[in-house]
Amino acid sequence: MEFTVKQIATLLGGEVEGNDALTISKLAKIEEGRPGDISFLSNLKYEPHLYTTQASAVIVDRSFQPKKPVSAALIFVENSYSAFTRLLEEYHQRLNYARVGVEQPSYAGDGAQFGEQVYRGAFSYVGRNCHIGHNVKIYPHVYIGDNVRIGDNSIIHTGVRILSNCVIGHYCTIHPNAVIGSDGFGFAPQPDGTYKTIPQLGNVVLEDFVSIGANTTIDCATMGSTIIRQGVKLDNLIQIGHNVEIGRNTVIAAQTGVSGSTKIGENCIIAGQVGIVGHITIANNTSIGAQSGISKSIQEPGLKLSGSPAFDLKDNLRSTAIYRRLPDLERRLIEQEKKTNDTSDSR
Amino acid sequence: MEFTVKQIATLLGGEVEGNDALTISKLAKIEEGRPGDISFLSNLKYEPHLYTTQASAVIVDRSFQPKKPVSAALIFVENSYSAFTRLLEEYHQRLNYARVGVEQPSYAGDGAQFGEQVYRGAFSYVGRNCHIGHNVKIYPHVYIGDNVRIGDNSIIHTGVRILSNCVIGHYCTIHPNAVIGSDGFGFAPQPDGTYKTIPQLGNVVLEDFVSIGANTTIDCATMGSTIIRQGVKLDNLIQIGHNVEIGRNTVIAAQTGVSGSTKIGENCIIAGQVGIVGHITIANNTSIGAQSGISKSIQEPGLKLSGSPAFDLKDNLRSTAIYRRLPDLERRLIEQEKKTNDTSDSR
Amino acid sequence: MEFTVKQIATLLGGEVEGNDALTISKLAKIEEGRPGDISFLSNLKYEPHLYTTQASAVIVDRSFQPKKPVSAALIFVENSYSAFTRLLEEYHQRLNYARVGVEQPSYAGDGAQFGEQVYRGAFSYVGRNCHIGHNVKIYPHVYIGDNVRIGDNSIIHTGVRILSNCVIGHYCTIHPNAVIGSDGFGFAPQPDGTYKTIPQLGNVVLEDFVSIGANTTIDCATMGSTIIRQGVKLDNLIQIGHNVEIGRNTVIAAQTGVSGSTKIGENCIIAGQVGIVGHITIANNTSIGAQSGISKSIQEPGLKLSGSPAFDLKDNLRSTAIYRRLPDLERRLIEQEKKTNDTSDSR
């Protein structure tokens, strides 16, 4: 994607000093700027780079006055930092939605319906009776089973698997190789020591604005739905068991696992490598430290927990500190034992 | 898949009251039933839903007598709950094996042989000299390397990778994006600090009735075979190292890792996020709690262990309880130290 | 791949006794050798197998003199063990690089360039303006985004996803379903409790001789690069966050996670299921035990750490040992408390 300096200035509501016809194709730090790049100067500590940068354009504050000649075009705006951030977002957004049309070979089953501005990458597979909304981007090697619904503006990255009957909301992003809706881990022990598979017939529902990380797995419900509520963000390599429900705007970091039928509240923050057992409830606004193990329901909202099994974060820090000194603690106890023995003896 | 109420009644050995020509395509809870659904009534707590449900048919106990008019067709059977469960299994089974034939484009190397009733999805790849049994279902985007053997009735879900020379038994299910037979992690340190790759030339053998979860990885043996015995069930995101052997009917939950050359016995139950070091042996019927770390062989069968490093489950619970109270323990020790100092002083 | 006994002897600089025209296609242990196999005898404990093996050829030490007739051809070399190892490596190498050419259907975007001896498997996707070096092997179902560079002799296994703008060095191996360069986990909390996506515009750079395990995920940098230095070996199911840098020849075992912006030094050895927080630095030659949690920078090189949070390995072992005896420790403390109370009473 290429823009002229003038186009960018217009987007940002800024004024140009210099060549506004130059073409910009990339964003860069000011000290690393090359021809075709745009950068910004906010912290004046970096001002010396302004006079040497090879970037084609630099966004600066309206109040800024250069002390030497500048070869780059300057775009003057109210706040150069937030203008650059806005540019980043705009650029990212356009990049994400740039692809439109169907690359061949790709596969669509009978009755699959597609909205406008959809991208279907080569080797993508869309099953029967799927309903794919407007502006959905289906990257190469994506598999979508039968009867799947995907809302407008969702991005399904390469290698994602969405199994039959799942429902994906609007503005969702699913990162590469994530698996949505595979069978839950349900096996009934038999008298002879073998296990019988419990049929997993439900689906997964992602509401709107959900983000799912690369190689994360979300199992379908045994019956009904595994539900990921609006605005939830899941990192990479996370496991979500069957019939789990995750409340709005909860964020979970990489490699955490949530066992079957657990309900996690809204606006929780769960760090990486946490393990959560099945069939419990976690209150809203709970914060859980990395590598914690949650084995019981958390009723009170807003708690900060850590440890395995987890308890109050601060108390856990105290226990942790003493854990390191356990050999010292034992030594002191032995000393006490000697002393009281001496005392006993001396009596 | 659609059946008439009459067909379902015949399958379940039940009698119909009402319209037995209605078409059923889905199973549902009685309170959520819609036209085309079949449901069941076992617990009479739910009886009021029977008179309002929109489901086309409801399975009820032979002894049951409705107190009001029912719009749904009723199927009377000995035990409505187990009849419904049987229907679930039948439905799931048929769904799993419904697909037959070859979708295009798909790829098969020279000498690949396929049994009857095989499904090969679009974009599936089967290497040279593979031998694929009857009724095997190879979903879209599956990769099967050269010389792989897959037994009858196995289901290979979308995105699974089975590398060359691996052997898959009968009635196995491999869930999406699992990797079977990639290189083990073997590197020999060199004097200059670099590592030399140790060739990994073995394979993976799954015996019959094995289930492998989504995004799970099982490394091939350095030489010989990594072996997953009959009836083993592995959940999602599990790592199994090279030359590991897992005994019959052992069940392992998500995100557990087993390092190279370890042998796990039969009928073990291993929870999620467990880590097991390499080159050890774990006895039959061992039970290991979530997030445990196993660093030594377990010789005695039937132990229940937890913790990292793991020891007896109950003892670990006791230590865990005191761990929380370590600050209190230390405080009491300090008090003792004061007292004995006082005692010393007073002498 | 097939070779005659004579060809193998020439490769190893050995002399043949027996039929040097026999064809060899596989390597095997001497006790499991079958016609067409080659094996070796180094430890004389296994000598009896030499007289019964069905292998076509056996590599032996030059000094060795058989005591009975041998049906296999013998290849005499200086050191039979290292000769066999060399053969293993040669075999593995040839196997890895055997495939050449383009299987159809496969996809290449405008401006994609390919070196000589490249393999492009069926259903592989190479984006626009990619630059693929000589002898690179791109297996089926690989996705390579736009503007990706891959150095000579790198092997990209089936199902790998390399996102746009990433750079892969020479002699890298990326195992199945690994994801290189997907979005980092960056979300800015908003006043209403929702999160705004922070654009992730950087890339991932793998230097030369890097190995990445199956289903491992490496996030792209927010801006700039996530960098994996020369000779780094990552096992399966590892998570590497955005803007992480891993120093030369560092080795990381399966299921470990490294959070964003952390810098790991050279020649570190990090075991499995370790968690490392973001924005810290880990010194060269650090060794970290399995399931450890690293929450602070490690300044001093060469430390051996374990535990969560981690501290000195040996100290941790001591604390661990006492942890098991915490109930005993408490019991003894209670006894002391009784004694000093008695003492107090007796005063």
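For reference, chains read A, B and C in written order, and residue numbers begin at 1 within each chain.
The rule we apply is simple: a contact is a pair of C-beta atoms (placed from the backbone, for glycine too) under 8 Å apart; a residue touches a chain by one contact, two chains touch by 3 or more.
Just so we're on the same page, UniProt names per chain: A, B, C = UDP-3-O-acylglucosamine N-acyltransferase.
Remember, it's a predicted structure, so these values are computed and weren't measured experimentally.
When the CA atoms of chain B are superposed on chain C, the rotation angle comes to 120 degrees (nearest 5). Shared residue numbers account for under half of those found at the interface formed by chain A and chain B, and the copies are therefore classed as meeting with different residues.
Chain A and chain B have centres, each the mean of its CA atoms, that are 26 Å apart. For chain B, residues that reach two or more other chains under the stated contact definition are 105, 123, 141, 159, 177, 215, 237, 255, 273, 291, 323, 329, 333, 336, 340, 343.
Residues 105, 107, 123, 125, 141, 143, 145, 159, 161, 163, 177, 179, 182-183, 185, 187, 193-195, 197, 199-201, 215, 217, 219, 223-224, 237, 239, 241, 255, 257, 259, 273, 275, 277, 291, 293, 295, 308-309, 311, 315, 318-319, 322-323, 329, 332-333, 336, 339-340, 343, 346 of chain A are the ones touching chain B in the complex. Residue ranges on chain C touching chain B, taken from their complex, read 27-29, 88-89, 91-93, 103, 105, 121-123, 139-141, 157-159, 173, 175-177, 209, 211, 213-215, 231, 233, 235-237, 248-249, 251, 253-255, 266-267, 272-273, 290-291, 320, 323-324, 326-327, 329-330, 333, 336-337, 340, 343-344, 347.
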